[in-house]
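Multiple structures are listed underneath, in structure tokens.
Each of the next two complexes has subunit A plus one other chain: subunit B in the first, subunit C in the second.
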Partner chain A sequence: MTKYVGKNIPRLDGYDKATGRGLYTTDIYLPHMLHAAVLRSPYAHAKVISVDVSEAEKMEGVVAIATKDNTPRTYFNATASMFLTNLPDKPVLDQQIFSDVVRYIGDEVAAVAAETEAIAKEALKKIKVVYEELPAVYNVDDAMKDGAPQVQPDFSPGNNVCGGVVKIRYGDAEANWDKGEVFAETKVYMQRIKQAQLETHGAVADYNPKGHLKVYSTTQTPYPAKMILATIFDMPASNVHVKNPPYVGGGFGVRIGLSAKAEAIASALSILAKRPVKYIYSRSEDFLTSDSRHEGYIVSKISAMKDGTFVALDTRAYMNTGAYATLGVELAGVTGANGTSGAYRFPNIHYDGYVIYTNQETAGAFRGFGAPQGAFALETCVDQLAKQLGRDPLDLRLQNALRDGDEWWFPYPITSCKLMDCLKEAAKSIGWDEKRGKKQTGTIRRGVGIGCGTHVSNGAPFCLDYNAAFMRIEVDGSLLVSSAVPEIGPGSTTGLLQIAADAVGVPMENARFAFGDTDVAPFDVGSHASRTLYSAGYLLVRLAVDLREQIFEWAGKFLDVDPSTLDLVDGQIVSKCDAAEPHIEPTPLSYLAHQAHLRAKQFVVSGCKAPTNSPPFHAHAAEVEVDMETGMIKVLKLAAAHDVGVAVNPILVEGQIESGLIMGLGYALREEMTYQEGKGFYNDSYHKYMLPTMDETPEMESIIVEGFDPDGPFGVKGVGECGMIPTAPAIVGAVEDAIGIRFYEIPLTPGRVLKKIKEVYGD
Partner chain B sequence: MKERLVTTVNGRRIERYVDPSMRLVDFLRDELLLTGTKIGCKQGECGACTIIMNGTAVLSCIMPVMKAMDAEILTIEGLEKDGKLHPIQDEFIKGGAIQCGFCTPGFIMGAKALLDENPSPTSEEVREELSGHICRCTGYKKIEDAVLKAAERLREEKDD
Partner chain C sequence: MKYLIANSTTEVLEFLKEAGGTASILAGGTDLVLDIESGKKKADVLIDVTRIPELKKIEEVDGFLEIGAAATLTEIHSHPLVRKYFPSLVKACKKVGSRLIQNVATLAGNVITAQPAADAGMALSVLDPRFVLVDEEGTRECYVDDMYAGFGVSTLDSGRTLMTKIRIPLPKENEAASFQRLELRKSLSLPMLNVAAMAAIKEGKFEWVRLRMAPVGKGPVRAVEAEEWLVGKEVSEETFERAGELALENANPRSNPLRGSKEYREATLPVMVKRALLEIATQLNVMEG
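Let's turn to the complex of A and B:
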């Protein structure tokens, strides 16, 4: 019986956040602090011949100006992939703080630190830059042509393929292809979208000339950020301290590693100025100059038997990764793995993923990490196959869905799988049987659709998953848990403390969590890959066993009883229920800990242990309404059934699912970064980027399918990204059910929908 | 040239000489260090900087500071009274309406202004009124529920 796991404990940071007390990077004001502004390239591709700062330097209030001429030229990768890539793979290190070539509109050229932000911005206007424009390339197909302009000639010589082609082979798709009797093929296009987290990227760097660098940061991975900075500035990592303040205003993958270049630029300026420097991205900088989701296209082919059994899957993905690699290569792996080939029984798989450099804003990690793209491609093809076979799409999925005990190609087993239940529950909630396949004629037509998928509970074994933590019983008997996980929003720090309190046997009120800070907490890779609760929790549960043992051993001596008869329940040392009588008087841990401290004994455990991986599964169903006259689509309901093992805190789990649902709705229907040649992306503000708002929220039902994962702590699996993955497939499927038109390109904007309606039905 | 500004913030009279070109949000955050009011865009497009001025919700990021002259301003820091959370704050915490929390102060202030004016809003009215606030984390559902629950509690408190 758990006291906290499984309960809707109000999140521990709720009070701070609801009262305005909670600090974020933008709330850090240090004595003597300067403010930064950054000069960015107006060209998509150009050589930077010279940067003349002499006029700007003379301005009153300008303290330091950083350019390629006075900052380190070290090559790095601004994301955690720089340190998490497993051998023999190597991370692509293709970024510099400022370089001789600018590769997209918005690329960094210089930065100013001044007494006020206004002065810093004014000074930018006085910096004279001489550029020599180079030919540029903007999309995957052009970039792959012979003789295309080279975006990163040093890192993809002769072509624009970033990091090489990502290949997945399982069984033998080629040899077995013709064993199938029915063949479906689809090609889908997906747009670039932006994380648009509410807190823009930012950092406050405080360099001490004695050689210590402290950085308040919006990173979702403090330790990797620390290591990247140490490399850039050639400092011992131990002299670099990265700290969330402790809160971070959202992440969604965009700050795995550095927060764009905020930390690097603020640090470079602080080193030059020898004063603290604050650099907060404007909303427009955030939109235009930090990683986005990859746009691109995917061709999927399924070979199947006439009875619907899948024989083989062939997928080719072409993704626009923009000017720099960041996490593009890893992402193409996940697109092929979890995205396209993780939810069904495919005995033969062939996947090639091409990540292509272009002269656009970089694409990198964004909730789902390539899986939403992969799922949209695959689910479109599954729907297509269902149509060819004359089968109900739900039925075909149920026939081929993975289930407990199945083998698959991943280097870790399917530890638990309730995908069938997810599909059935989602379908039931949406009213599949009554609603699907109703021919309609009016102006407003309704339909239902379904999609499913899988994801990960951490990055392993595709990239390193490393977590260290310590737990200590303080002199007052309280529990201190320390691990450098961040709190970017999901409530991981609350969930982890629920796990720790239950595992150790102390009241949660007497437990505290030191997180998000590389000086107070041991190495953890941070928040990504839906891993935090699963991975860090996995370790805490194991550490708790050791901690309890230490306590019992000492308590045994102190109380003069056999340690093996002792238990720790709710902060009291007691005899185990089944221990022989007489039972001891319950002894408060606070008393015991104090006595132990007086006798120079501390209860402390520290360790590092990474789990393998446990795949979560999920299915979403959507009901939509399409207006045949305007092309407007209204989502009436989204039903999301998730197999996340045990929900440590159901309300927080629902929060993750609902969050992903609305993001998925935006992806399917409206969000889109639009490129204008010569100008860059049009969407430089919330106003120009159509995020879903409150008035459009459909009815949502999150169904947590009861499960238990044998590897997860208390049965937990990852959930953070899952809500995003099968949403677009479900909505696009529902639109087809409503109006008989299949869309192979998202988002389904009214213009795009109306055009198709006119093509098919006439004016 | 600095100008003299007299205003009341969270019940406290403030007198300062300020740069009149400043926006109110910068005055609150940079000068008064009331950093609970957040900046999500500084263009009047996200609602994160919402405060209550003379009883109405306003976007402090596009409000010139001198508009605060002789005004009564309430920011998120002024909502908790005598160690007791306002029911909206409480319901946001209990109902899972907070994730990263960056939109939260703005949402709570927007909701307060709404409920002050309309103590019994329908679901549609809440959605309509608060649709100028962006939240990228929650999916909005739990925020809507929290506001409706808080409204109910406030009505009950009034009846008592």
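Let's turn to the complex of A and C:
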């Protein structure tokens, strides 16, 4: 029996956040602190011939100016992949703080630290830069042509392919292709979108000339950020300290590693100025100069038997990764793995992922990490196959969905799988049987659709995953857990403390979690890949065993009983239920810890573990309404059934699912970064970027399918990214059910929809 | 920059005179402050008119509803008289920005900023409003078409002239107004298109119709052809559809990277017109919605 796991414990950061006490990077003010502003390239591709800062330097209040001429030229990758890439692969290190070539509109050219932000911005106007413009390339097809402009000639000789073609082979798709009797093929195009997290990127760097660098930052991975900074500035990593303040206003993958270049630029300026420097991205900088979701297209082919059994899958993805690699290569792996080939029984799989450099804003990690693109491609093809076979799309999915005990191609087993239940529950909630396939007429037409998928509970084995932590009993008997995981919003630190309190056997009221700081705890990867609760929890339950053992050993001697007969329940040392009589009088841990202290003993453990991985599964169903005269689509309901193993804190799990649904809705219907040649992306603010608001949010039903994962701590699996993944497929499928038109391109903006309606139905 | 708080209309005029054209009147400031920050507009003096009691009034006077120029959109759309007489204005005021914006922004400001797609100004434009303006030379009344000089440019120089109130004639029993909006997001977004209409219907026929649309030109653009054609026409689906087509003759929408192409706006404008007319017919119980 658990006391905390499975309960809706109010989140520990709730009070701080609701009352405005919670500190974020932008709240940090240090004595003598300077403010930074950054000069950015107006060209999509150009050589930087010279940067003249002489006039700017003369301005009163300007303290330091960083350019390519006075900062390290070290090549790095601003994302955690720099330190998480599995051997024998090597990360692509194609970034510099400031480079001789600018590769997209917005690329960094120089930075000023001044007494105020206004002075820093004014000084930017006085920096004279001489550019030599180079030919630029903006999309995947053009970039792959012979003779195309080369975005990163040193890292993709001759073809703009970043990091080599990502390949997945399982069974033999080519040899077995013709064993199928029915063949479906679809090509889908997906747009670039932005995370639009509430807190923009930012850092306050404080360089002490004795050689110590302390950085407050919005990173979602403090340790990798520390290691990247140490490499860039050629410092011992032990002299670099990265911490969240402690809160971070959202992540969604956009700051796995550095927060764009915030930490690197603030640090470079702080080193030059020998004073603390604060650099907070404007909303426009955040939109235009940090990682986005990959746009691109995917061609999918399924070979199947007439009875619907899948024989083979062949998918090819072409992803626009923009000017720098960041996490593009790893992401293309997940697009193929989890996105296209993770949810169904495919005995034969062929996947090629092309990650292509272009002269645009970089694309990288974004909730779902390529899986939403893969799932949209595959689910479109499954619906197409269902149509060709004359089958109900739900029925065809149920026939081919993975289930417990299945073999699959991933290098770890399916530890638990309730995908069938997810499909059935989502369908039931949306009213599939009553509503699907009902002929619609008139101006407003309704339909339902469904999609499913899988994801991960951490990055392994696609990238390195492990973490280390401390756990100790304070002298008053309370529990302190120190782990460098961040709290980027989902409530991971609350969930982890629920796990720790139950695993150790102490009341949560007397327990605390120290987090988000590389000086308070040893290595942790950080928050990405839906991993935090699963991976850090994986370690904490094992540390709890060590801690209890240490307590029992000492208590046994102190109380003069056999340690193996002791238990720790709710902060009391007691005899195990099945221990031989007489049972000891319950002894409070607070008393024991104090007595231990008086005898020179503290209960403290540390440890390090690499988790396995457990796949979560999910199915979403949507009901939509289409206005035939305007092309407007209204989502009436989203039903989301998730197999996340055990929900440690169900209300927080529902929060994750619902936020994923709304994000998926934006992806399906509205959000889109629109490029204007010569100007860059149009969408530089919330005003010009159509995130859904609560007004657009439909009825949502989150269904947590009862499950238990044998490898997850207390049976948990990842959930953070899952809500994003099959939402677009469900919505697009529902639109087809409503109006008989399949869309192969998202978002379904009213203009795009109406054009198609007029093509099919006439005026 | 100086920030002056005026306590009366007379004081505003004194301040304006002193500043000699370098001042700007500030009510909600939801556009003005941003424009000053971004350098689009300049003002050495800001004159805050939000604490002048007579500018905050909303009242019924001699067959007119009078709305003080400093009344906020929230005060307007929650006012019983506005809700009673002008539901379409209530609807449109609720579409400007978000509730936070509506709590400070004003209807007068929505007209004076002269943005073509301004929802509240659009809904107002077909209600035959009179704008009461005061300057050194005295008080005068202007009509809608006197107010708009260009895209985002008002005829009113807020360095010299103060709008004190907006007077709207109360509708007769057989008159009603409507407002339709095509939108990518229900709040915090400009419309792709908006259409406002007012009409009198007698014995199943239109006596007269006022029909305006945006953003298809400068300010709220009159669909003159449709207005004229509609007079005496029977209230029916076919009539609405024909009116929608005619509205296109006065519309010249542009493409926007976000809010729809010219083609899309032209394809949907007739639909919005049709729905605006239907909304009126429904309110007057001539047709079912």
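Here is the rule we go by: the second predicted complex is superposed on the first by the 763 of 763 C-alpha atoms of A that agree within 3 Å, B and C clash if a C-alpha of one lies under 4 Å from a C-alpha of the other, contacts with A are read in each partner's own complex, and residues count from 1 in each chain.
Just so it is clear, contacts are C-beta pairs under 8 Å (C-beta built on N, C-alpha and C of every residue); 3 or more make two chains touch, one makes a residue touch a chain.
Given the structure is predicted, the values throughout are model-derived calculations rather than measurements.
*Asks:* Could you say whether A:Asp392 touches subunit B, subunit C, both of them, or neither, answering first, second, both or neither?
*Replies:* neither
*Asks:* Answer with first, second, both or neither: which of subunit B and subunit C does A:Tyr686 touch in the superposed model?
*Replies:* In the superposition, A:Tyr686 contacts both subunit B and subunit C.
*Asks:* Once the shared chain is lined up, is A:Glu122 touching subunit B (first), subunit C (second), both, or neither of them?
*Replies:* After superposition on chain A, A:Glu122 lies in contact with neither partner.
*Asks:* Look at the residues of subunit A and decide whether subunit B or subunit C touches more of them.
*Replies:* Touching more of subunit A: B.
*Asks:* Taking the superposition as given, does A:Asp695 touch the first partner, subunit B, the second, subunit C, both, or neither?
*Replies:* Touch status of A:Asp695: both partners.
*Asks:* Tell me the contact category for A:Glu745 with respect to subunit B and subunit C: first, second, both or neither.
*Replies:* Neither partner.
*Asks:* Examine A:Lys758 and indicate which partner it touches, taking first as subunit B and second as subunit C; both and neither are also allowed.
*Replies:* A:Lys758 contacts subunit C only, not subunit B.
*Asks:* Which holds for A:Glu625: it touches subunit B only (first), subunit C only (second), both, or neither?
*Replies:* Neither partner.
*Asks:* Let me test your reading of the model: by the given contact rule, A:Asp570 touches which partner, first (subunit B), second (subunit C), both or neither?
*Replies:* Touch partners of A:Asp570: none, neither subunit B nor subunit C.
*Asks:* Which subunit A residues are contacted by subunit C in one complex and by subunit B in the other?
*Replies:* After superposing on chain A, subunit A residues 686-687, 691-693, 695-696 contact both subunit B and subunit C.
*Asks:* Hey, which residues of subunit A end up touching subunit C in the complex?
*Replies:* Against subunit C, the touching part of subunit A is residues 629-632, 670, 674, 676, 682-683, 686-688, 690-693, 695-696, 749-751, 754-755, 758.
*Asks:* Please name which positions on subunit C make contact with subunit A in the complex.
*Replies:* Residues of subunit C touching subunit A: 182, 184-189, 192, 257-258, 260-261, 263-264, 267-268, 271.
*Asks:* Quick check: in the complex, which residue numbers of subunit A touch subunit B?
*Replies:* Touch list, subunit A to subunit B: 8, 10-11, 13-24, 26-27, 29, 195-200, 247-252, 282-283, 488-491, 651-652, 654-655, 658-663, 685-687, 691-697, 700.
*Asks:* Can you list the residues on subunit B that touch subunit A in the complex?
*Replies:* 29-30, 33-43, 45-46, 48, 75-77, 79-80, 85, 89-90, 92-96, 98-105, 108, 126-128, 130-144
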